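The two complexes that follow have chain A in common; it is paired with chain B in the first and with chain C in the second.
Moving on, here comes the complex of A and B:
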């Protein structure tokens, strides 16, 4: 199963055909469902995309901090495949976007160096019939909850896409000389600082590049995640994720906040 | 890499020179920022990886008279006399000033780098600051990481210095509404090492009655004293950073590490927001009582 369109399994097409007849499924809570309706969208179906990817191995130098570009590329491609398939499902339903997207990575005992990348979310369609597809002509994606989606719309912004940047980085081990030279001292280790700084900034820059390709004016809800996956403690994946947004209206309809005293917990 | 200007990595400068804003704020906090007239400019961050050792004073633990006399020290004598070579003849609480200083160096380096990133963006302040520290891949290396969202005050003149706060969204709005403005975050760590005396050790092991110590449930004086002192030291460090301003939203957290039986480190961390009054007290609108249906 590769990237091109229409590579969805037969079971998926059968499920989507049922959804096209009017029945919708969603993982939205009742409150989220009502708020999505409030801003003029209707859920059309729960959509997902998956990719089982062999991430492979890459040799690394013991004493050199460096990006492991092959692993970075693998982690990036695998998520892209899962996201694309989810967008494909949404497009099949005629959706304008997907909200509440979650991206997960699962490892199984049967697949050494392989991982399953899954993207799931709820496809939504504008009730006024006006297309809300993003600049690339695809349904917008976003990891925002229903509440956040409603709030964002009140500020005049519209999500364009879930954007991400990743960087797999190997942090050098310290040599005997370096270790002995600082024995018993609490001091900064500039090489380590620089390596970590570089890795995170690379991940964030790549995320910003994706947002730029969508013509976004900004990214909200940025999260920085770190995982060693199965590579050992010195190899870390830095993942930056957020929702790219554009300003579609100068009107801000958000009600002025009121001070409250909650009578429950 | 020292905490002086222009020690940001090349990748950081490249990222910050791009146009689009990034924000680590939740959508609610983002909306509240816009409502207050704060324009998010970018997610800013600072790091510092520190080599970390808990052994900073030669001879500590061998005799109660070893080590530096700076900081808090309290000795405990055994009331039982020589019983066996395994029976502890003395105990001691002492402040680990080298841990406190190193923590301050690490935090301040990461903090100044974050402010430097914010300054590069022309920000007035950093809101929603999140700080964390934790072990890195190598044993004995601790990483300090601070991040927040740089903001510009709309229609305000260029900033002289960048302010910072842990607050964001409605909590920040309420501070402004009450007539206060954020100045900076303040944070400190106090570290007290506990080398248990015989009584402390027996009480902690639940065998106090064997040694004529009160068999009932009772407080362990040496541990209580260490806890109180570490909190008092953390408070005094933060007070020194306030320079007459007020502290808001302070939170005190404690951490206990056990290195060996009867050998503990008690850490207290106090963090909060340094705020300054910029307008006279203006009572807030009467709050509306509400009951949530969810």
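Moving on, here comes the complex of A and C:
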């Protein structure tokens, strides 16, 4: 991984060269494969990126709610590294974009202080030969499934990129005095409420900033995940993920849905 | 009240021999049929003129040398090779069984793959299928696929045909870090490049081997690729990557569009969007 412009390992180069011989690989289900074909795209290859990242240490104050910037930065960096490598693989294949992107975090027994961040998806290319690269001239990424991609295309929207925002937040513990004071009462715990609120807002704002950089007009399929990873119960990562989209055509081809009542079960 | 005790054959060896011998003679009478397909799947198959024939299986257990999991460097080549052989033999056996019952392919193959410190086991169980009333074909033309009967039907409607299972495996040792490096990195945010590269390369190798087997079958694509990965239960420093997918090829001259209809189910529990076809 010495070459900064293309830091993919050699095995990757070899695998991607093979894919250029006219074989495609894809982790799409048959349903998704057919729906991608239906909207004029062809899968070109299963692409991935990974980064094993060591997260530094940051001291937390027991009774203070605060963002742990160093940890936030680590979560961002590691995911960016994995995503960038996946995009590089897609670019190498001449793809227009990557659909069905999944971001995973793996922990290994031999590296308790480190985590592997993985991004995988299926690179696709438009069959009409017209480039569908995003505004930055890179392949678009999207965590939409084949079904969602099909539906989105029927409405004239095009994914621009998978956008995310993250925030690792330490939520203050309550003092004994406070705990005793509220025992037996119905009362809102403002410090908890505020901390969780702020962390979520920070993550969402960062995600929106990423979408704005892509010139997107909206973000669909947003998910907000909360995970403590291995930091204990008071340190939580808030991760907002979604697909930024822009309208590329005024044509609405989505037919009026038929309502059905299934007699199964 | 005790449950009736199943009768145990007196001579187990003879019983096994009889079972193995029965695999060799061909039975093409369409009288009885076994399959693990649901009624829906069977109807799906019939809608494109195919029928299930029999439940078939293939098993292979391959030994790995003692000590091959002891901590070393780089790839554990013997384990990768053993996994490849086990897959190969299991697939050959399921081919033979399918050929004996007159199947043209095997769908819905359930893959069970187990890695022990002394051996690697692969067992495949699926339903042999054929075009209604068709005669037997020779073993090499039979496809084996882990796609469900429903997915198989859908692929055929779109003009594609499955060719077989492509597999690739790679087992590697995790690289070691010196105590000094660990301490030095303790408080930093830093990518562990040697770890990343080792895992990345291993994953790519597994995929690459899968692609090789797909190319050998003259496929033009591999769908539903699944990459199963993780450390061994008995040796946490050894990590395995196994990629499996179904090789496909365009059977008709062009891809047939399926024109899905949008439906909204009015059932309460099931409001999820579902793109359906199969007119």
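Following the convention adopted for this analysis, the second predicted complex is superposed on the first by the 258 of 265 C-alpha atoms of A that agree within 3 Å, B and C clash if a C-alpha of one lies under 4 Å from a C-alpha of the other, contacts with A are read in each partner's own complex, and residues count from 1 in each chain.
Going forward, a contact is a pair of C-beta atoms (placed from the backbone, for glycine too) under 8 Å apart; a residue touches a chain by one contact, two chains touch by 3 or more.
Keep in mind that what you see is a predicted model, and the values were worked out from it rather than measured.
Peer 1: Answer with first, second, both or neither: which of chain B and chain C does A:239 touch in the superposed model?
Peer 2: neither
Peer 1: Once the structures are superposed on A, label A:151 by its partner contacts, choosing first (chain B), second (chain C), both or neither.
Peer 2: both
Peer 1: Look at A:11 in the shared chain and tell me whether it touches chain B only, chain C only, both, or neither; answer first, second, both or neither.
Peer 2: second
Peer 1: In the superposed arrangement, does A:258 touch chain B (first), chain C (second), both or neither?
Peer 2: Both partners.
Peer 1: Touching A:52 in the superposition: chain B (first), chain C (second), both, neither?
Peer 2: second
Peer 1: Applying the document's definition of touch, where does A:36 land relative to chain B and chain C: first, second, both, or neither?
Peer 2: A:36: touches no partner chain.
Peer 1: Once the shared chain is lined up, is A:202 touching chain B (first), chain C (second), both, or neither of them?
Peer 2: The first partner, chain B, only.
Peer 1: Classify the contacts of A:26 with the two partner chains as first (chain B alone), second (chain C alone), both, or neither.
Peer 2: A:26 contacts chain C only, not chain B.
Peer 1: Same chain A residues contacting chain B and chain C, which ones?
Peer 2: In chain A, positions 31, 147, 151, 254, 256-262, 264 sit in both the chain B and chain C interfaces.
Peer 1: List the residues on chain B that touch chain A in their complex, please.
Peer 2: Against chain A, chain B makes touches at 1-2, 8-12, 14-15, 18-28, 30-32, 34-35, 40, 43, 45, 47-53, 55-56, 98-99, 101-102, 105-106, 109, 136-138, 141, 143, 147, 170, 173-174, 284-292, 294.
Peer 1: Across the complex, what residues on chain C touch chain A?
Peer 2: Answer in residue numbers: 147, 151, 154-155, 158, 174, 182, 185-193, 195-197, 199-201, 203-205, 207-208, 210-212, 214-215, 219-227, 231, 236-237, 239, 245, 255, 257-267, 270, 273-275, 277.
Peer 1: Give the list of chain A residues in touch with chain B in this complex.
Peer 2: So the residues of chain A touching chain B come out as 31, 144, 147-149, 151-152, 154-155, 171, 173-174, 182, 184-190, 192-194, 196-198, 200-202, 204-205, 207-208, 211-212, 216-224, 233-234, 236, 242, 244, 252, 254, 256-264.
Peer 1: Under the definition above, what is the set of chain A residues touching chain C in their complex?
Peer 2: 1, 8-12, 14-15, 18-19, 21-31, 33-35, 37-38, 43, 46, 48, 50-57, 70, 73-74, 77-78, 81, 85, 108-111, 113-114, 116, 120, 147, 150-151, 254-262, 264
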